[in-house]
Amino acid sequence: MSVFVITYFGLLIATSCAAAYWNQRGPFLTLFSLTLVSFVLGIVGGAGALRFVAIAAGMIAFAAGISYAFREFLVLITSHNLSKEIKTAPLTASFGMFVIFTYAVAGIFAPWIAPYGESEVISSAFAPADENMLLGADQLGRDMFSRIIYGARNTVGLALLATVAAFLMGAFAGLLAATKGGWFDQVLGRIADIIMSIPSLIFALLMLSIFGPQVIVIIVAVAIIYAPRVFRLTRAVAGNVVVMDYIEAAKLRGEKTWYLIRREILPNSTAPLIAEFGLEFCFVFLLVAGLSFLGLGVQPPTADWGSMVRENATLISFGEITPLIPAAAIALLTVAVNFVVDWMLFRSSGLKEQ
Amino acid sequence: MADKKKSVLLEIKDLKIEGYTGEEWVPIIKGVDLTLHKGEVMGLIGESGAGKSTIGAAAMGYARDGTRISGGSIEFDGMELTTASESERRALRGKRIAYVAQSAAASFNPAHKIIDQHTEAPLHYRIQKRLEAQEDAMELYERLRLPNPKEIGFRYPHQVSGGQLQRAMTAMAMACRPDLIIFDEPTTALDVTTQIEVLAAIRDIVDQFDTAAIYITHDLAVVAQMADTIKVLLKGDEVEEAPTEEMLSNPKEDYTKSLWAVRSFQRPQKARPKDATPLISVQNVDAAYTGGVKVLDDVSFDIYEGMTVAVVGESGSGKSTTARVITGLLPPSNGQVLFKGEPLPASYLDRSKDQLRQSQMIYQMADTALNPKVRIADIIGRPAQFYSGLEGAALKARVDELLDLIELEPSQYYNRYPPELSGGQKQRIGIARALAAEPTFIICDEVTSALDQLVAEGILRLLDRLQNELNLAYMFITHDLATVRSIADEVVVMQHGKVVEQGPKDVMFKPPHHPYTDLLLSSVPEMDPNWLTTLLEERGVDNVGESADV
Amino acid sequence: MGDILSLVLKRLGYGLITLLVISVIIFFMVELLPGDIAQAVLGQGATEENLAALREQMGLNDPAPVRYFEWLLGAIQGDFGASIISGERVSSVIGERFMNTLFLAAYAAVIAVPFAITLGIIVALLRNTLFDRVANVLTLTSISSPEFFLGYILILYFSVKWGMFPAIASLSQDMTIMELLERTFLPALTLVLVVTAHMMRMTRAAIINLLASPYIEMARLKGTPPWKVIVRHALPNAWAPIINVVALNLAYLITGVVLVEVVFVYPGIGQALVDAVSKRDFPIVQACCLIFAGTFILLNLAADVGAILTNPRLRHPK
């Protein structure tokens, strides 16, 4: 029995007793079932398994702490109305906001944060981490850490641009279709159906094979692929608004389409559209990362998370986790956005799910 | 009917129920007492939000998702439901307490035959064998005067009409011969002529089996026919309770009196001006929606300046479609609409700004008629800005003037948004928006039917005053004959897209009528508790079950 | 029954037209190339004679519509022309690979579908409990992770660290079925993880939506026990949404399979597509795209037809 194992169980049992004493039913059940599971795990997997559990629990507690602090921080610095909303956010959502905030800082201030340039060769290929290089070097001897920081700018920036393009196209068409109705609506709907019946990755590959892997092609391709999805949602959201009597009243007054969209429909559709923007960003981000991973996205030497995974994949067979870091960066941001969207959708759906 | 010596069946004491808003629990029932004896029928009445439906569910020991019983006691035949286990409570449901929901179409499972849903409870409780239960169901169908009682149960819910389905659900509630049935607005979704049949069927069967019932509704006249005692609720609190006769003749509380007193408003009837051109003239209009289903067939009537024409009919009669044709939203397939003798372009898109300005519309649901994200000042100001080009101080003065006109204090409402207002206030804003265009003709589409009686009367008085001051012509679309009596000069009765009868109000309300007008007039429930009985006697009971039920 | 038949036929016809339009898009998109295929094959430095010879050889001198119909006619018979890089018949390049891909997708689906739907229903019934919240966070994390992230994590642990399964899914003709299942276990597991999360979330939403119906409340108020409410009242109406969820996710598998094949160097059609795209081997790209899109449309079609067939309102018309 090592000191670690004794502290581990001691801590668990002490906290579960404390929880039971103060009548905290949820925490007690969680802690005590974790204690029981740990007995089994300890016997089967030894101290190593327990250490894994301890690290995971520590990380979750750390994330929860940061999320809590960040939420309080947001409540303090935002205006009264906004802070009232944020107070109701679950920890997952504030964790998401914290991650998004961090990525934004990393992306915007990349040249100041990163110790080296993104394509600067500073050591030998696959050199291990040392005091100069936090995460070691990549297959050409460039600093991994710097490239990951720059990747926040390149990869996220590209996905964001593509999402905005898709969103503007789709939302505009959707609003117009809902307002105009008739054959215009029908035709746009059919076009959207057709585009959506081609799997997105396949469609992107087709376009890239023809026009070559350039940034502008990626943006246009993504916009064409995702605009129909945005179109459908906007059409549905605006469709619910268009049937309202106040729209009929405005039409009968003789108002023009543009006035209807701007003053009557848009103010009533913003909440679901913002949530949709977050969701679309996740899809686009994963697609762009996938394309880069296949070597058909952002081209070298630009630092990009998807291509970094591909270029350093061989390290995995030596048991190294470095190539997984850019992949984890992709997953973390997507999770973060999804957490925030999840909360926003819950807010806008109100009591429906109860 | 009421026999006070009978023993107590249900006793609710100081019941408190809370609802979850997403952030906190707020009280929705604030301490209601209720005592129901065996075989007694109690009417629970109140506006939407009064909590009557929640109390109905609580009587079964049931709290809907997002609500919880937070205090008080519910004792059913000696058993305390608030402390009973879920399985004990469940064992009562369907067997001793049954439930009839508002929408039968939504409350029957589309995947099973009606009779299989009917026999589910008796089979579950092992009261009857399947064949027995089916026999019994057919017998109940017959008693409820459903057509083809032997066969109708073997259909699926969507193959049966709404009125029949509502009766089938009442039969289902009766399956285990419960001691208590909760009727939750069972006829609200039905047309008046269908409503009669369902009401009669429900009342008979409850009488026959001496079942106690809680009858929940917002319609006073309906509850007067059904209940032995009436309890009036307001915002989760009890206002008063009394036997039906007493409640109708001698209400004690101001709120109850206000509910009873409303139908007093009546304005003098005007006659058509001689030798004048009608302001609006609908001439031989046919109309069809896409798909070619004809919804209007040769509709003609005139509306003169400063007069009110009420267009009456049940849902599907084409009264709202007529309004759509007049406004140009639905161009007619035949015929035309004249304005001051000049034909109006068929589609609103082709009409001039001035033509659009002249006729305005006020909607039934003020909630959907006002954009929730736009300030009151902008809602009312927009037509003035759009048609008259008012800006700045002149626009503000005009908005103030309009708010004054609808009896709302300008400084208080100027910067507010529709969701902050009450239903009546919203409807007034809707009227102000119509007036802002300075029209000569206003279509009022069921403007009072979503409002409480007292508020509705206020709106009717306001409309009448405005008509006199501004010389407006109204087309009043309604299914409520009380409204017609109080405000109309002329009446147009519609059925299946045709005008059945039209004429001045005093003529229309006196016999002889067209048979349909007669059916419609006589089907509207009246406050007199004996109205239904008398009516059924007049019509002959058999006649009710066989009449058109589509 | 006439209603159902005509609805199904209508839906089939609509699917066919969609497929046709997509074949047009796939074919004519290549026509948008700056220059033409011959130019793309030979590059900027090609001489006019070489270009002309190649155009003649590839039949590029015919007008585009003629070539489209020839291509389509061939495609229907399984002949997609020849690769412009190696000159091999496209059908022989992708034929076997297509079967491999189908095998992998089926392997993943057989595990994922029953697993995800059961879990989704359980989570829906336990909604707003701790279990539901944890499941929500886990599934969100899973659908937010790129397939290659999950794939490499599995390789790192199951293959490199613990040595339980091979990292490279190479196939050969003489393998037994057990060997085959073992070799392809990690790619299949990757797909299962992603698809299960999606499917669980969608099943949960569909079931919760269903449980809010008035007829479910009516069943509860009739004293029906909870399990019977689910089995008798919810399930018969849940088929359409569940079929929809399954079809949508199988369609999702089709796309996910491309990335997973590359991670595990699996000899499937997805890898062929990626190779062809980087080499700009258009006949193969076109063939793969048509096959993927066709499968996708077929699955959506199956979902819609399934929904029509299980709709009680349509099964028992008035």
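When the chains are written out, they are named A, B and C in that same order, and each has its own residue count from 1.
Convention: contacts are C-beta pairs under 8 Å (C-beta built on N, C-alpha and C of every residue); 3 or more make two chains touch, one makes a residue touch a chain.
None of the values given here were measured: they were computed from a predicted structure.
Taken as a contact graph, with one node per protein chain and an edge wherever two chains touch, the assembly is complete, since every chain touches every other chain. Each of A-B and B-C has its own count of C-beta contacts, and the greater count is at B-C. Chain A and chain C have centres, each the mean of its CA atoms, that are 23 Å apart.
For the pair chain A and chain B, the distance between C-alpha centroids works out to 48 Å.
Inter-chain centre distance (chain B to chain C, centres taken as mean C-alpha positions): 50 Å.
The residues of chain B that reach two or more other chains are 65, listed in rising order.
Residue numbers of chain A whose C-beta contacts span two or more other chains: 354. Chain C has residues 212 in contact with two or more other chains.
Against chain A, the residues of chain C that register as touching in their complex are 18, 21-22, 25-26, 29-30, 32-33, 127-128, 130, 136-137, 140-141, 143-149, 152-153, 155-156, 160-161, 167, 208, 212, 251, 254-255, 258-259, 262, 273-274, 276-278, 280, 282, 285, 288-289, 292-293, 296-297, 300.
Looking at the complex, you find that chain A touches chain B at residues 88, 244-246, 248-249, 251-255, 263-264, 267-268, 347, 350-351, 354. Across the complex, chain C meets chain B through its residues 212-215, 217-225, 228, 232-233, 236-237, 312-313, 316-318. The touching residues of chain B, when paired with chain A in their complex, are 20-23, 65-66, 327-329, 348, 351, 353, 356, 360-361, 363, 365, 368-374, 382-383, 386-387, 433, 437. Within the complex formed with chain C, the residues of chain A that make contact are 26, 29-30, 92, 193-194, 197-203, 205-210, 282, 286, 289-290, 293-296, 306, 309, 313, 316-319, 321, 323-324, 327-328, 330-331, 334-335, 337-339, 342, 352-354.
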